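Working notes for the structure below.
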Amino acid sequence: MDLKEVRTVAREKMKGYCRVCPVCNGVACAGEVPGMGGSLTGSTFKSNVDDLSKVKLKLKTIHDAKNPDLKFNFFNTILDFPIIVAPITGTVFNMGGALTEREYINSVIKGSLKAGTIAMTGDSADLSLYEEGINALKNVDGKGVPIIKPRENNHVIKNVKIAESINSLAVGMDIDGAGLITMALKGQPVGPKTVDELKEIVSSTNLPFILKGIMTVEEAKLAVEVGAKAIVVSNHGGRVLDHCESTAKVLPEISKAVKGKVMILVDGGIRTGVDVFKMIALGADGVLIGRPIIVGAFGGYEEGVSLILNKMKNELYQTMILTSTKDLESIDNSKILIEW
Amino acid sequence: MDLKEVRTVAREKMKGYCRVCPVCNGVACAGEVPGMGGSLTGSTFKSNVDDLSKVKLKLKTIHDAKNPDLKFNFFNTILDFPIIVAPITGTVFNMGGALTEREYINSVIKGSLKAGTIAMTGDSADLSLYEEGINALKNVDGKGVPIIKPRENNHVIKNVKIAESINSLAVGMDIDGAGLITMALKGQPVGPKTVDELKEIVSSTNLPFILKGIMTVEEAKLAVEVGAKAIVVSNHGGRVLDHCESTAKVLPEISKAVKGKVMILVDGGIRTGVDVFKMIALGADGVLIGRPIIVGAFGGYEEGVSLILNKMKNELYQTMILTSTKDLESIDNSKILIEW
Amino acid sequence: MDLKEVRTVAREKMKGYCRVCPVCNGVACAGEVPGMGGSLTGSTFKSNVDDLSKVKLKLKTIHDAKNPDLKFNFFNTILDFPIIVAPITGTVFNMGGALTEREYINSVIKGSLKAGTIAMTGDSADLSLYEEGINALKNVDGKGVPIIKPRENNHVIKNVKIAESINSLAVGMDIDGAGLITMALKGQPVGPKTVDELKEIVSSTNLPFILKGIMTVEEAKLAVEVGAKAIVVSNHGGRVLDHCESTAKVLPEISKAVKGKVMILVDGGIRTGVDVFKMIALGADGVLIGRPIIVGAFGGYEEGVSLILNKMKNELYQTMILTSTKDLESIDNSKILIEW
Amino acid sequence: MDLKEVRTVAREKMKGYCRVCPVCNGVACAGEVPGMGGSLTGSTFKSNVDDLSKVKLKLKTIHDAKNPDLKFNFFNTILDFPIIVAPITGTVFNMGGALTEREYINSVIKGSLKAGTIAMTGDSADLSLYEEGINALKNVDGKGVPIIKPRENNHVIKNVKIAESINSLAVGMDIDGAGLITMALKGQPVGPKTVDELKEIVSSTNLPFILKGIMTVEEAKLAVEVGAKAIVVSNHGGRVLDHCESTAKVLPEISKAVKGKVMILVDGGIRTGVDVFKMIALGADGVLIGRPIIVGAFGGYEEGVSLILNKMKNELYQTMILTSTKDLESIDNSKILIEW
C-alpha cells in the first residue's frame, strides 16, 4: 500500500463527502457541514490554508544541521515528531459511513502509535461516540487524549473522570465546539464557558487539561488563568464560524503572550511537514492534523494513517535540513518570511 | 419545504435571469441589467461581496454571552432582528416573470412579518408598481416602508402622502436610483436631488424619512441636514454605477461622521447572518437584504422569504455567541479585523 | 442593428482572431501578436485593464449636476465627447481579413463623425495602408489625424506632408511602435527617436503634432521640449513590450508634470464610459479607444462604430451625473479612489 | 522547424510529464516530482514565476539606444548573450524518456553553442549521468560547465578533477540539491555542506567554482568566503522545498551584498528575454534557464534548443531597445518598478 492508493481508495469510499482534492483547501467542499467542508462560504477553512501558504521559508544549504532531531515532549511522553492527531467523530454524517466510528478511531489510534505519535479522541451528540474513543484508548493503555465537547459542567466532569479511569495522557475540551450546529440540532446543547465554569472543570482532575479553540490573546491568558496545561489555537477547522481569522495569523501574538506558560498546539490547514515547520516557526510547540488523517483512515485504516504521518514526518525532517535547523527548539521566526 | 428546495425551485423559475449560485457574488450575472446582475462589468456588485468577505471575526468562547438579544428598534417598532427587506420591483424584466409583482410583494411583506421583521416596497417606471406595494402594505396595517424613486418633487411628495395614508412606519427615497437606465428608457426620468429639493420633500411629512443611496461622508451629513431620520448606505446593489466603491468600505467613515444623529442602515453583498454582524461592526445599526429575498420569494413565496430570514437570524445569533456579544449594541469594531 | 448583434457578427467574422469576450481584458488572446492580443504573456494588455479596474468612483446623488456637458476641444474642433478612435491597421493579419483595410478605415472614420467625434488613421509595413487612411480622411475633408510609424526621418516627414495636403486636423507618430516585431519582419524598420530627430519632424509642419507612446515623466517633458502639442500615454495596447507598466498607473505623475503644457490623451484598456471618466480623473484630457472600435467595425461597419461610441458617450454622461460632475474640467482625482 | 512545431512535438513526446503549457508557471504540474513540477503544492515554482511577473518595465522610446550590445563575459569567454543553460538530468524519470540522457545533453550543448552561449551539465543518483555530461562537453573542447551534486567531499573532488581533465570553463556544485528526495531514494545521499567542507572543495581546483543554490545574504557572503567565483541564486526550480521564497525576491538584497565580489547568476521562472532583463535589473549578472530548454530539446534536439535561445535573445534585444538600454551594464533597477 502506498499513499497514491490510500488517496484513491479514500476518494472512492468518501464519494459525496470528500473529493480528496490535490490540495485540501476548502474550496470544493465550501459550506458542506455536515460533511467535510467549512461553514457557509467556507471562508475560514480556506483562510487557514491560504494564510499558511503565504508564510515562506528561507532555504539554507551551508551549515552542519545534517541530521535534525524531531523528538517532541508531550507531558513527559516523548513522541517521535510534533504532530498529534486531532479529535474527530462523525464517520456517518460527515464522511459517508464507509467506516464505522469504531473502525475509524481504532485505525487512528493504532496508526498514530505505529508512526510514533498519539491521537486525540472526540465527543459528539451521539453519546456512544465518546465511549468508542475511550474504549479504543483503553486498548492501548490510555496512550492518547480524550477531548470533551463544551456541554453542561457536570457532564463534562463525568467525562473527565472516565478519561482518568483509563489513564489517558491528558484530557481536554474543544471549547470552539460551542457553535456546532450539528450538536444543537440533535438535542445536545453546547456553549461558551465562563472562567468560573472552566476553573471547576480543570480543578476536577490531576490530568493535564487541554483547552482547544483559543483564537485571541485575551483568551489564551484566561486559559492559563484557569489552569490549562495546553491550548490548541483552533477555529475548529472552519466548521463553526464563517469568516473567522485564520489560526496561522493569530498564532504569533498568542505565542508571544503565553509561550512557556502553557503548551501551544495549533491546527487548521496543516497539510505537509513544511506546514508543521511553519506553525512552529510562527510560535507553536506542536500541531494537530485532522482532514489528512481522515483520508488516511478511509484509504487504508491503521496503515493509511501511519503512511500519512510518516510522510509528514519525513517532510518536516527534509524542511529542517534545508533551513539549517537541528532541532524543534531551533525553529523560530528567523527561519520564515511572512507575506501577508 | 426547506432551503434546499427553495433554492432549487427558484433556480428553475428564474432560469435565464438568476442562476442561484452557491455564493451570490455578481460574477455569473455580471452586466445583466435588466436582470439580476451589476451594471457593465459588474464590478460594484462584486466589490460589495469581496470587500465584506475581507472583514474577519474574532472567535471567542470563554465568556457568558450564552443567549444573545437580537431585538432591533425601528422607529419604535421592535423587530426580532436587525434585517429589513430591501425595496425591489421588476419581477418581469429583472427576474423573468414567474411571479407577478403582486405575488412577489405580498410574499415578501407577509414572509417578513412572519419571521419577525418588515419589508420595504419599491417604485418603478411602471406606475402601477408603487401602487402594488402600497396595497400590499395596507393589508398589513402599513407595517413596512414605501420607498420612492427620485422623480420630480411634486410626484415624490404625492407618493409620500399615499404612504402616510396607509400609516406606513416610515417613508423614503432611493436616491441612488438617479442613474437607473431602465427608468429613463421608459419615459420616467429620475435624477439627483439638490439640498433644497430634499428639504421640501422631507418637510412635507411627519413620517420618519429614509434616504437610501448615501456613499460619502459629505452626503451623509447633508442627509442629516435635510432632516432624514435614517440613511441607507447603498450603491443600489451595483446596478447603477460600475466600479463604485463598496458599501462595506465606505461604511466606517460614514458611521463615524453621523452615528447617533441618524439611523444607519446598509445593503450590498449581505448574504448571511455573519455578514449582518460584520456590517453592524463596521458601523451600521441594521441592514437591508435584497437578492437573497428574491430567491426566497421565487422559491417558496411567503414561506420561502420567511425561511431565508430565519436562516440569517439564526446565523447572526450563532455569530454573536461565538464572538462574546450579548446584544446588538455590543457589536463594534473590536469584534472584527479588516484585511483590506 | 443593436450592440448585441454587432458583437455577434463581429465574433463570427473575427473567428480565430478575436473572441469578442464579455470583458475585453487580454486573457484569452494572450500572446496573439499578430492577432488581437498582447505580446508574450499578454501581461501589459492585462495590466492596462486590471489597474484601471482598481480605480473606484465615489457615487454622489445630492447635487445639481443634472445635465453634464461632455464637449471636448480638440485643437479648436469641438467634439461631442472626449473619445477619439485610435490608429489601427492590419485587418488581414491581425483581424482575419473579413473587412479590407479600406472598408475598415472608412467605417471607422464615418462612424466616428456620425457619433460626433473623429478617428486617427494608421501606418504599417504595407505602404498602401497609410495611403488608405489618407484617402479615407480626404473624403471627409481631413477631419481626423494620420499617425505615422517611427520610420526613418525622411520617410516620416514625407508622410507628414501628405497629411498636410489633405488638411488633417493634426498629425502624429506612434513612437511606441518602435518595438513592433511585425514591422521588422516585413522589411520596414522602425525604432526609437532621439530628441534631435523628433525636433526635425515636429518643426517640419505647422499641424499640431501628436506623440503617441509616452510612458514616463522624463519623456513627457521631452515631448514638450520637441514641440509636440499632444501626447498619448500608451504602451501600444500591450503589443510591443510584455510586463510593461499600465497606462493608468503612469498617467497621474505624467499629468502632474506636463498638464496644461501639452494635451494629454491616453489609451489602454478603456472599455466603457466609466473607464473614460476614470482616465480623465487620473489626469488625461481625453482618451483613445482601439479594440472596442474594431469590434464595432467588424460587427456593423460605420453603424457599428457609431453604436459603440454612442454607448460609451452615454455611459460617460451617466457616470458624470452619478458623481456630481457638470463638465469635463470638473473631473479630477477627488472623484476617485485608487485601490492599487 | 519553427517554435510552434518544437512545442507541439515536445508536448507529444513528454505526454504525462510536461503539458508544455501556454505559460510555464508550475500550476498544472504542481507536486510532480519526479516529473517536471515543483515539490508538494508547487508553491515555490509558482512563486518564482509570479513574483517575477510583478516586476514591471518602463517603456522608453525617445533615446539613441538603437542597437544594444548583449555580449556577456563568462570567465573570459565572451558569450553572445547572458543566458546559460542550467544543469539538468533525468530524461527518463522526470521527462518520460523519449530522449536518452545522451541525446538530451548533446542537443543542449550543441544547441547552446550554435546559438552563441554555453550549457551546464548535471549529476544524478545514476552515476553514468555525470559521465554523459562530461563526454558531451569533451566533444566540444570543454565549452561548458559540469555541476556536481552535494555528495561526500571526496566524491565531489573526484568529479571536479574529471571536469578539469576536459578543460571545462568552470565547475560547480548545486548545493540546493541537498534536499533532493529522488537522490536519497536511490542510495546516493546528498546534504548541506559546512564552510570547511566547501573550502576543501573549492581549493582543490584552479577552475572557477560556481555555487548554485544560494538564497540568503548570509550564504552569499559565505560563498565569497569559501572562494566561489560565481553563485547561482536558485531554489532548484522549486523542486526541493515547498513554499520557499522566490529567487526574484531574494535577488536584490543578495546582489547588494556581494555584487562585484562574485559573479551573480540566477534561475527560476525565467521564460522570455523580458524576464532575463528583469533579473539583471534586480541585480544578476546573467541567468540560467531550465524548463524552456527541455521543451526545446524534446521538441527539436539541437535545433530546438537553439531556436529557444535565439527567441529569448531577440526578446532581450527588443526589451533593451524599448527601455533605452545600450548594453548589459546599463540594465539596473531604474529600468523597473517592483509591484510586490
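We call the chains A, B, C and D, going by the order they appear; numbering starts again at 1 in every chain.
Definition applied: a residue touches a chain if its C-beta (ideal position, glycine included) is under 8 Å from a C-beta of that chain, and two chains touch if they have at least 3 such contacts.
All values derive from a computational prediction rather than experimental measurement.
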Neighbours of chain D that also touch chain C are none
Farthest CA centroid from chain B: chain D
Mapping chain A onto chain B via their CA atoms needs a rotation, nearest 5 degrees, of 90
For the copies chain B and chain C, the interface residues, called same if over half of the numbers are used by both and different if under half, are different
Per the C-alpha means, the centres of chain A and chain D lie apart by a whole-Å value of 41
Chain B to chain D, mean C-alpha position gap in Å, rounds to 58
Among all residues of chain D, those touching at least two other chains are none
Among line, ring, star, complete and other, the chain touch graph is ring
Per the touch criterion, the pairs are A-B, A-D, B-C, C-D
Per the touch rule, the chain C residues reaching chain B in their complex are 22-23, 53, 55-66, 271-272, 274, 278, 315, 318-319, 321-324, 337
Per the touch rule above, chain C residues touching chain D in the complex are 30-31, 40-41, 43, 47, 150, 175-176, 178-179, 181, 191-195, 198, 213, 215-216, 218-219, 222-223, 235, 240-245
